[in-house]
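Lettered A, B and C in written order, each chain numbered from 1.
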Amino acid sequence: MTRSVSIGLALALIAILIAVPWIGIPLPPLFGEPLRSPGSLSLLAVCFVFGALAVSYDLLFGYTGLLSFGHALYFAMGVYATAIALERWHWSLIPTLLFVVALCVVVPAIVGAICLRTHDVAFAMVTLAFAQAGSIVVLQNPFGLTGGEEGLPLSTQSLPAIFAGVANSRNLYWLALLLLIFTYAVARMLVGSRAGRVWQAIRENERRVATVGLNTYLFKLGAFVCSSVLASLAGIVYVFIEGGATSEITTANFTLALLVMVVLGGVGTLWGAVLGGMLYEYLDFRLVVLSSASGLQSLPPILRVPLSEPLFVLGVLFILLVLFVPGGLAGAFRRLSSLSTRTTTLTGGQ
Amino acid sequence: MSTIVLLVVTGLGLGALYFLVASGLSLIWGLMRVLNFAHGALFTVAAYAGWSIANTIPATDAARAWSIGLLGAVLGGAIAAFLLETVLIRPLYARPVGQVLVTVGAALAAVALVEAMYGDDPKQLVLPAWMSANTVIAGASIPNTRLLLIVVALAVLGLLLILLRKTRYGLIVRAGVENRAMVEALGINVHRAFTIVFTIGGAAAGLGGYLAGTYFGYIDPQRGTSMLIFAFIVVVVGRLGSMTGCAIAAAVVALVQQFLNFYAAAGVGDFSVVLLLALALLIRPRGAQTL
Amino acid sequence: MSALLNVSDLDVWIGESHVLHGVSFEVREGGVTALLGRNGAGKTTTLRGILGMLTRTGSVFLNGLPMDRMRTDRIVRHGIGYVPEDRDVFSELTVAENLRLAERPGQELQYDIVYELFPELQQRASQRAGTLSGGQQQMVSIARALLNKGNRILLIDEPTKGLAPLVVRSVVAALGRVSQFVTILLVEQNLRVAHLLARDAIVLDQGSVGYRGTINELIDDPELARHHLGLTAGRGAGA
């Protein structure tokens, strides 16, 4: 595919996505209501957010080769910092945003500086430890800030007017779409830059990069901070869509779900991550409905029960992908559409 | 004084639980270099298997029900582990990242399946009368389940030590933890050892799952995942592949957690041991190398 | 005398690097064949390639049996004893346990020969191998390879590396005796040791075979010696 063709297609796709809130086409059973209804728009918005989140993780894992089990911490930080500033401290929007972005540069810089002193498995474990620590802090509800297990809903005064209310769900949709496009563009730009090339070289063989005289630690830290900032931005948008913070995003399961998203879509391709993130969230949402709508109800319980459980389907799909299609959906697509391309992905190896 | 005794014994009881889960994890990690994220799922699946089997026996014969359930959990853990290793992990021997990923997927799918089949509300475990009772030690009233756990963990530790020191497979495991390539260069098929180690780890996790249900009074689908994190901490703080090191680390971690949770505030203990993990990884270059 | 070990067109990769190119040689039965070459020439890599420890193409025949598609442990069970560079004893295990690990179930063992050659090992049977001296660890390593009577050939990698001259002498003496009843492919940097023990020599140069012949011919010919080993005539490399 030539560059101009792919750019043209991308622009066309974006145009269509922007226009969705005016398209009244019903698409059962994919969506319960017509596309422009608040329900469908809300679902699509969340899918966009997860697509953006997956892209941020792909930068870290797919391009730099850093298997972090704690990436969700920065998403959660974006969520909770925004919710707390708006709801508990009654700040207005701009100071909140500045605060959250500043926080989500400083904290990953510090945490990353610590974690990156380890490698491989140890690194995965330390990042998981920090994420778990964050989860414990949130659940303990210190000073009544986080709302503990019940989460922290935003009251209507705290939520910016243009996002409040069902009538404005299309604004949220566009915000989420903007987030996805922005995140993707930034990621694309980073990956194509000199830093991005160093990241990919580090992924392939860190020692060789070090012998050339480059400070791999600093480059890895850069990747860590950039991906964390992008994740926190996704968190901010998520708060508006969901109307608050939920404790579910701090669990270990959610952290691992990120991994599933990126592997599902295909590591190291960015658009694969978008696909994976959106597909994951979509399935998580709709599988129960889908399964009852389609002929699944006629299946014996032994098949119907597991298949209506989204995490089970996703887990099995994930396993199958790791075993047989290491490149994820993107890899499968690429293998089908190209001639002999030797793609080395992280999960592929050989 | 009696508070301290209570804290120490319940701490050791919790440590016993950690040891049961961490022991298998340590061996698997040390020998196979696999970060088994599905270990918590083995814990959960086995606990539910045990519970289901125990339920087939009328609750009036609680002792029998509980014991049969225990057996079911141990067997369930072993079988699930065996299947996991042979079907999913062994084919990915050449792809260590793939191995970790596949255990993540298995953990996700298994726990989701359990939730789908049983629902996510806790299921009560039937206990024989003496287990629900307390024993008074040095003025502290201690639930018998804690004492049971300590006894079981010590027995498992002893069994594992005998296996490691007195059997040929134990020899292979101890050597393999040090230098797997050399073991193969001596003509030994390590893969069989892997399967055995994995299966034993699963059995221990199953035992832990059922006894956790005994300790807390109920089982639920999420406990395995939270146990896993503490088990990882224990494995890292202890010495890789060493069972006595694992036992000591389990006791230390649990005691720190109990005391801090009590004397500082709820959650501070949990938070601290998580930080302990980060610290242990950062200030132990030798440990990090074996990782 | 037939070829016990036949290596044909062996190419080995370490990661992405192609380190051995079309290496071919024969090791005949009985006696010692030396595998020589400068640092980095690929000697250790050749041994590990034969054992299937690295990615390789080409053929390896042990006594006529093809070994190329097999996993390391199966290759070794066909009758190869391996004494790696750096000894690789299991430091947490005792001497006796190190030896016991090397036993192949169902096969004949020769503890008597091992203890005759290295009586110290019997004395230190319950000592942790990590506390042994370099020379003693070398004995454990050789003993492990020797233990199974069914081992037709020993692949020995730099057994004198890092050892004091006195210890080198006892190791060489032991190997001399061992070579009387088992074939040895010996990788050595120490040319004097190689000359003492070996009859045939193969020289590797940057991943391919540069010379095949007897060791005497190699050393006696100054041109050959200089070209393949980087020596000036009359001087030996190593201690």
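Note that a residue touches a chain if its C-beta (ideal position, glycine included) is under 8 Å from a C-beta of that chain, and two chains touch if they have at least 3 such contacts.
Here the structure is a predicted model, which means the values were calculated and not measured.
**Q** Ranked by contacting C-beta pairs, which pair of chains comes out on top?
**A** Ranked by C-beta contact count, first place goes to A-B.
**Q** Central chain, going by Cα centroids?
**A** Checking distances from each chain centre to the full centroid gives B.
**Q** Just give me the whole-number Å value for how far the CA centre of subunit A lies from that of subunit C.
**A** The separation of the two C-alpha centroids amounts to 54 Å.
**Q** Starting from the mean Cα coordinates of subunit B and subunit C, work out the distance between those two points in Å.
**A** Using C-alpha averages as centres, the distance is 43 Å.
**Q** How many Å are there between the centre of subunit A and the centre of subunit B, using C-alpha atoms for each centre?
**A** So the centre of subunit A lies 32 Å away from the centre of subunit B.
**Q** Could you please specify the touching residues of subunit C with respect to subunit B in the complex?
**A** Against subunit B, subunit C makes touches at 51, 53, 71-74, 76-77, 82, 84, 88, 90-93, 97, 100-102, 104, 144.
**Q** If we count contacts the way the header does, which residues on subunit A are in touch with subunit B in the complex?
**A** Of all residues in subunit A, those touching subunit B are 67, 114-115, 117-122, 124-126, 128-130, 132-133, 136-137, 139-140, 252-253, 256-257, 259-260, 263, 305-306, 308-312, 314-316, 318-319, 322-323, 326, 346-350.
**Q** Which positions of subunit B touch subunit A when the two form their complex?
**A** 35, 37, 88, 91-92, 94-95, 97-98, 100-102, 104-113, 115-117, 225-226, 228-229, 232-233, 236, 265-267, 270-271, 274-275, 277-278, 281-282, 288, 291
**Q** What residues of subunit B sit close enough to touch subunit C in their complex?
**A** For this pair, the touching residues of subunit B are 168, 171-172, 174-175, 178-179, 181-190.
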